[in-house]
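One structure follows; several queries about it will come next.
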Amino acid sequence: MAGSVFGTIFQISTWGESHGKGVGVTVDGCPAGIPLSETDIQQWLDRRKPGQSKFTTQRKESDRAEILSGVFEGKTTGTPIAILVRNTDQRSRDYKEIASYYRPGHADYTFDQKYGFRDYRGGGRSSGRETIGRVAGGAVAMQFLKVLGIDLFAYAKEIGGIKADPEKFSREVIMENAVFMPDMDAAAKAQVFLEQCMKEQDSAGGIIECVIRHVPAGLGDPVFEKLDAKLAAAVFSIGAVKGFEVGDGFAVARARGSENNDSFCKNNKKKTNHAGGILGGISDGSDIVFRAAIKPTPSISAVQETVNRDGEEISISIKGRHDPVIVPRAVVVVEAMAALTIADALLMGMGSRVDAVKEVYFR
Amino acid sequence: MAGSVFGTIFQISTWGESHGKGVGVTVDGCPAGIPLSETDIQQWLDRRKPGQSKFTTQRKESDRAEILSGVFEGKTTGTPIAILVRNTDQRSRDYKEIASYYRPGHADYTFDQKYGFRDYRGGGRSSGRETIGRVAGGAVAMQFLKVLGIDLFAYAKEIGGIKADPEKFSREVIMENAVFMPDMDAAAKAQVFLEQCMKEQDSAGGIIECVIRHVPAGLGDPVFEKLDAKLAAAVFSIGAVKGFEVGDGFAVARARGSENNDSFCKNNKKKTNHAGGILGGISDGSDIVFRAAIKPTPSISAVQETVNRDGEEISISIKGRHDPVIVPRAVVVVEAMAALTIADALLMGMGSRVDAVKEVYFR
Amino acid sequence: MAGSVFGTIFQISTWGESHGKGVGVTVDGCPAGIPLSETDIQQWLDRRKPGQSKFTTQRKESDRAEILSGVFEGKTTGTPIAILVRNTDQRSRDYKEIASYYRPGHADYTFDQKYGFRDYRGGGRSSGRETIGRVAGGAVAMQFLKVLGIDLFAYAKEIGGIKADPEKFSREVIMENAVFMPDMDAAAKAQVFLEQCMKEQDSAGGIIECVIRHVPAGLGDPVFEKLDAKLAAAVFSIGAVKGFEVGDGFAVARARGSENNDSFCKNNKKKTNHAGGILGGISDGSDIVFRAAIKPTPSISAVQETVNRDGEEISISIKGRHDPVIVPRAVVVVEAMAALTIADALLMGMGSRVDAVKEVYFR
Amino acid sequence: MAGSVFGTIFQISTWGESHGKGVGVTVDGCPAGIPLSETDIQQWLDRRKPGQSKFTTQRKESDRAEILSGVFEGKTTGTPIAILVRNTDQRSRDYKEIASYYRPGHADYTFDQKYGFRDYRGGGRSSGRETIGRVAGGAVAMQFLKVLGIDLFAYAKEIGGIKADPEKFSREVIMENAVFMPDMDAAAKAQVFLEQCMKEQDSAGGIIECVIRHVPAGLGDPVFEKLDAKLAAAVFSIGAVKGFEVGDGFAVARARGSENNDSFCKNNKKKTNHAGGILGGISDGSDIVFRAAIKPTPSISAVQETVNRDGEEISISIKGRHDPVIVPRAVVVVEAMAALTIADALLMGMGSRVDAVKEVYFR
C-alpha cells in the first residue's frame, strides 16, 4: 500500500532502482494452470528495451527475465511468481552531479521532500527501469487473458502533434516501425520530427491508444471500482502520463446527448462506441478503448534553469543517454497496466451472482 | 472492495439507491479532534441539490444529513462517522417502463449482465443520488483539510464548448451563477446555450477544473500510488466522467520538453506549473490543478433507438425530470472526491521518514 | 482500514456507539440473488439481545433492524446493503462518573491515549453494542451460506470452569437454556454458578465452540491468508476474546505426530479430525471446529482500585446493568464473524484455477 | 491478497517454494532512514537455519540473504526492499513418491483440491522454507523497532509437555540451548524427551511465548483491527500453529472478573498484566505477551495410513530429513510476524489525532 503493490486478487509487487542490483516483480493471485515460460515474459520485455532505434536511449540493457518461483511443469501453480531482472549497464559516475540539484520535470525535489534523501543514481526508483516490473507482471496477466481469448494491444496514436490517420489504420504495421504507429506515413513523419527534436537538444510528447477486445460484459463495479476508474489509476501510475480518456474522452465535453449516446441494437450490440466499451463503470461487451497523454521526456541536453540542494539558482545541461520521446517504449507499459487491470477485475467479479458461486464450488 | 469503499486509512463506504429508503456514507479513519456538525455537511449537500435553477432537475430533494455516530461534544472521536440522508421524493410509477428496456448511455444493460437483474427505479445504485454519500464523506474530509489550512475548490471550466476565459477568472463569482463558472460572461452564454439544448430535448457536456492549494510537498507514492493516479481513480469513479488530466494534460502531447519542464527557482518554487503540482507522482508544494471531462446527460426526451429485454429493437423517449447538463451539480462531487483523496494521502504518508514516526510516538 | 471494515470482497463496515443515535452496518460485495428480509436479520439480533434471562443485563434494547438499501423484490441486488438499528434505551446520566476515571479491564485508558479523549457514555465505540453491526452483517453472510448448503453454529462449551460433556452433546438444546450450552446438565450447573457470581458482585468467563459443516475443500490461501488465520483475526476482534484455537488447539503442544496426524481414508475423508478441518491453511472438506476463550465481564460491582484522569489512585464500584458473563450473548457474535469469514473466503477463492474463470465468464 | 502479502503500510510480499530457484520477500512501505545491511538480515536467517543441532533437520541450507533494492548508503530509502535467498540443497529425487499420495497432516490434499495440481517437491509453497521470506521481512521490521527502542523476543515455553519454569526464567540462556528455552533445566529435559521421540520415529509439539516491551500506548484500532486480532492473524498464519492466546489466554475462561481485571496505579501503570498489554484491542503501554501452540511435525518415519491420488488406501513411511520438533526453529518466525505486525500498526496509527497530522506536515 506504500505504493509498489497493484491489484487486489491478481496482485503485483514491484521493486528495484535504476542502479541497484536489479528490478523485479512478484505476481500473487494468478490462477493455477496457465502456461508460462521465461520466453513468454522476455518477448514483452524486449519491446520496452532501449537501444532498438535511434529514438530510444543507446544504453544497452539486456534485461533477461528469470522466473524464480510459482511455475511447475510449465504451468502457473497459483502461488507467487517471482521474476528477477539483474541490472547490468549502470554507470554511477554519470549521475554524481545530479545528486546536487533538482532536475526540472523530474522527481528529485519531491523525493527529497518525502524521504529526506534519495538514491540519485539514474533516477533511482523513479527511473524508467521501474517499468520492467510492470511489464513482466503484465506479461503474466497477458498469458491469463490469452487463455480466455481476450485480445489487448496499444500503439502510438500521436507523436509531437503528428497523428496516425484512422483511415490508414493497420494493426500489422505497429511493430514494423520505430515509433509503433499503426500508420506508416504518420510514422515516417514522426521520425523526421524526432530527428529535428534531437538536433535541437529537445524532446517530444504524444498519445498512446489501447484497445481491448472480447472482454465479457459485466466487469467492473458500479461506484468507486468502476472499470474505467481502475484503468485510469493503472495508466496514470505510469510516469509521464498527464491525461487519460475513455471512448470519445474530452470530446464529449462538446457533444450533445443525442450524439454521444450509443444506441443498442440486435444481440445487445451497440451501433456506435462513443462510450469506449464501458457503461456505468461496467464493461458492455464492445471494444474497450482508451488513450493516455505522454509528456515530453524531461531529460534534455538544452540548458535549463533550476536550483541546487542549497537553494541557489543555477543553469544545467543534462548529460547522458535519453530518449527524445517516451511514447514508443511506453506502449508496452500501457498494455501491461491494462492487462493487469482486466485480470484483476475478472477475478474480483466472479461472485457477482450467487449462482456463479454455487457453480464453482458445488457442481 | 466490491466497489462502494474508497480510501485506505481515511476510508468511506457509501450505500443507497435512488428509490430505496435512503442514501448514506460511513467515514472510517477520520482523525480525532476535528470540529464537525450536521451544518458542515449540509452546506455541501445543498450545493449538489437539484432544483436550484432551471438547468437542474425540478425534483425536490430535501436531502437532510443526519450524523448518527462518531462525533462527541462537537468533535470527531476517531471512530466511524455514519451519515444518513433519507430519500423522500421518489415516484416509482415513473420508472415501470424503464424496467423493460435498455436506455442508451445508461448502465441498465451492464447491470443486468453483471447481476442478472437490477433495481430499475430511478437508476438504482447508478443513479446520481449515489453521489450524496460521496459529498457527505467529502464534507468530512474538507473539515479535516480546513484544520490543516488546505484550500480546495472546483468550477465549470467549459460547458457545451463555451469556455470560461482565464483572463476573467474570479473565484468569487463561481457560486453566483447557475452553472458555477468563474467568468460571468461565459456563464451567461452557457445558459443561453443550455436553454437551446432543452428546447431541442437534448443535453450538453463540459469540463470541470479543480485547484488544491497549500498541499505540503511529499504527498503520494512513487509507483502505483502516485497522487495523480489516485486523483484519476477518484474523479473517474464519478459517473459521466470520460476524461481526466493534470496540469497541462493532453496539451503535453504537443509540447516540447523545453516548454513543458518547470524550472525551479528560489525557495524551491517553480517558475511555471505545467506539471499541475505533482512531480513523479508526489506533490511538489505548488497548486494541484486537474480537469475532468463530463459527458452530456444520457437521459434525453428526444426519440432514441434501443432494444428491450427480449432483444427487440424499439424506439423510446425518456420521460421524467432530468438535468440538461450534469456539470454544475458535479462540481461539488469533484471537490468531494479530491478532498477524500488528499485526506487519505496525508494519513498514508505520515511515516515516510523514520524521524516522523519517532516524533509522533516517542516525543 | 482504520478498524471498522472487515473482509475484502464480502466486506462489512460497521459504525455506532452505545449512546449515539444508533448502530449499523453496510455490507458491500454480497452476491446478487440471495433472498433477504428484515426478519432474516432480526432473528439473529434477537439472539444477542440483552434482557433475555437473569444472566444478561436487564437493559431493554429493542434493536429493530431496518434494511435501507441493497434489496429489491426480496433479493440482494449485489450493491451495498445498509442496515440501521436505532439506539433507544440510553441513559447518559449513568455514565458521567466513568468519564473521570479508568475502569480496570476496559478500554477507557487506551482510548484516551490513542485519540486524546473519548465518548465515555456506555463505553462508546468499545461498548458491546458495537457487535450489533457484526451480527447484522453476519446475518447476511449466513443467508449466503444457507443458499450454498453450509451449516454453521456455535455454543457455550464451558462457563466458569463448568464444561459441557461431549457425550451429552445435543444441538437441539443449545437454544433451550439461558447459557446456550449443548448439554442441559452442564447448563443447569453453570446457572447455579452464575447466581453465586452475581451475589458476590463478580463475573465469570468461558469458552465458545463453533462448528462449520459442508465447507468445500480448497478455501483459504497457503501463506498469510490461511483460513484459520482469517478465522483467528475475525474471532479475536471480538472484545473479551483472549484465546483462539482450531481443532485440538493447545492440546497439540502435548501430542505426538503419530497421534495428531489425521489419516486419510476412502473418498478423501479423514479418519479423525484433530486438524479441525483445515490443512496448510486450506479447508479439507471436514468439519471446521474452533474455540474462543472469553474473559469475565470487566464491569463488576465489587470495589476495585484504579486511577482517575488526574492520575490519583482511587477506589471505585461500577454501577449499572451488566452481564455476569458475556459468553451466552457472544455465541451469536462468534457465529457472525465465522460466517463473514467463510463468505469472504468463498468469493476470494473462486479464481484459484483458470478453468473456473473460463466457466464463469465464457460458458 | 491471494495470500502472500502481509500488512497494509509496512507490507511484505513473500514468494518461493522449497525446490524452486529461491525464496524471498519484498518489503514495501518501510520508512526511509533506517540503517540496514545484509548482516542485519543474515543473523535472523541463521536462527531459523536447519542443521544447527540434532533436533533440526540435517539438510544443509546456507540461506544467504542478498538485498537487491531499497537501501542506499546503508539506509532504507522508503522504496521497496527486495531480498533474495537462492535455494541450494534441493534433492527432487526424494520427493517423487510423495507426488502420488496425500501425507497426513500436510497440505498435499488441500493444494490439489484448490489448484488442481501441486508442486510436490518438498512441500512446494507449503514448505517450511516459505518462512525465510517472513524472517527476512521481519528482520527489516526489527531494525525499524530497534530505532524506536521497542524490544521484542520469543522463546520455547513448553516442548512435549515439559515447561520452562517462570521462576527460573533467564533471557540470556535462550540462545544457549538447542531448544531455545529460557530455563536450562527444562531445556535439558526437553532434549532427552526429543531424543526418545526420534528413536520412536515420532515427533513433538510445544508452545512459544513472545514478549514485546516499550510499545507506546495507543496502537491498534477499536473494532476489527484490534492489535491482538492482528497478532492472532499474523501468528496463526505460520504453518503448524493451532492455538493463540494473549495475556492469561485460555485461563481467563476459569477466572473471575475480580481476579482478571488489572488495577491501574500511579503513572497509569497496571499492578498486574493479565490482559497481556492490550485493552480493547489497543496497546496499554505494558508488556505485550502472547503464546502460540505448535503442532508436532507431521512428517514422521513411523508407518501411517492414507490414500493415494487414485483414492486407494495405502500405508506409507515418510523418508527424508525432518525436524522432530518445529518449536525451536519457529521461535524466530514468531518474532518476525510479531515485529511485522507492530511495525504496520505504528504506521497505520500515526494519524489518530489531528494534532499529530499537523505536526508532521506543518511544523
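Think of it as A, B, C and D in the order they're written, each chain with its own count starting at 1.
One rule holds in what follows: a residue touches a chain if its C-beta (ideal position, glycine included) is under 8 Å from a C-beta of that chain, and two chains touch if they have at least 3 such contacts.
None of these values were measured; they are calculated from a predicted model.
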item: Chain located farthest away, centre of chain B as origin (C-alpha); value: D
item: Interface with more contacting C-beta pairs, comparing C-D to B-C; value: C-D
item: Distance from the mean Cα position of chain C to that of chain A, given in whole angstrom; value: 44
item: Whole-Å separation of chain centres (CA-atom averages), chain B against chain C; value: 37
item: Separation of chain C from chain D, taking each centre as the mean of its C-alpha atoms, in whole Å; value: 26
item: Shared interface positions of chain A, touching two or more other chains; value: 1-5, 8-9, 14, 29, 32-33, 78-79, 114-116, 125, 218, 222, 348, 352-353, 355
item: Partner chain A, residues of chain B touching it in the complex; value: 1-6, 8, 14, 102, 104-107, 109-111, 113-116, 125-126, 130, 158, 160-161, 197, 202-207, 217-218, 221-226, 228-230, 232-237, 239, 241-268, 271, 275-276, 279-285, 293-300, 302, 304-307, 311, 313, 348-349, 352-353, 355
item: Contact footprint of chain A on chain C as seen in their complex; value: 8-9, 29, 31-34, 76, 78-79, 144, 147-149, 216, 218, 222, 346-348, 350-362
item: Of all residues in chain A, those that touch chain D in their complex; value: 1-5, 8-11, 13-17, 20-24, 26, 28-30, 32-33, 66-70, 72, 75, 77-82, 84, 114-119, 124-125
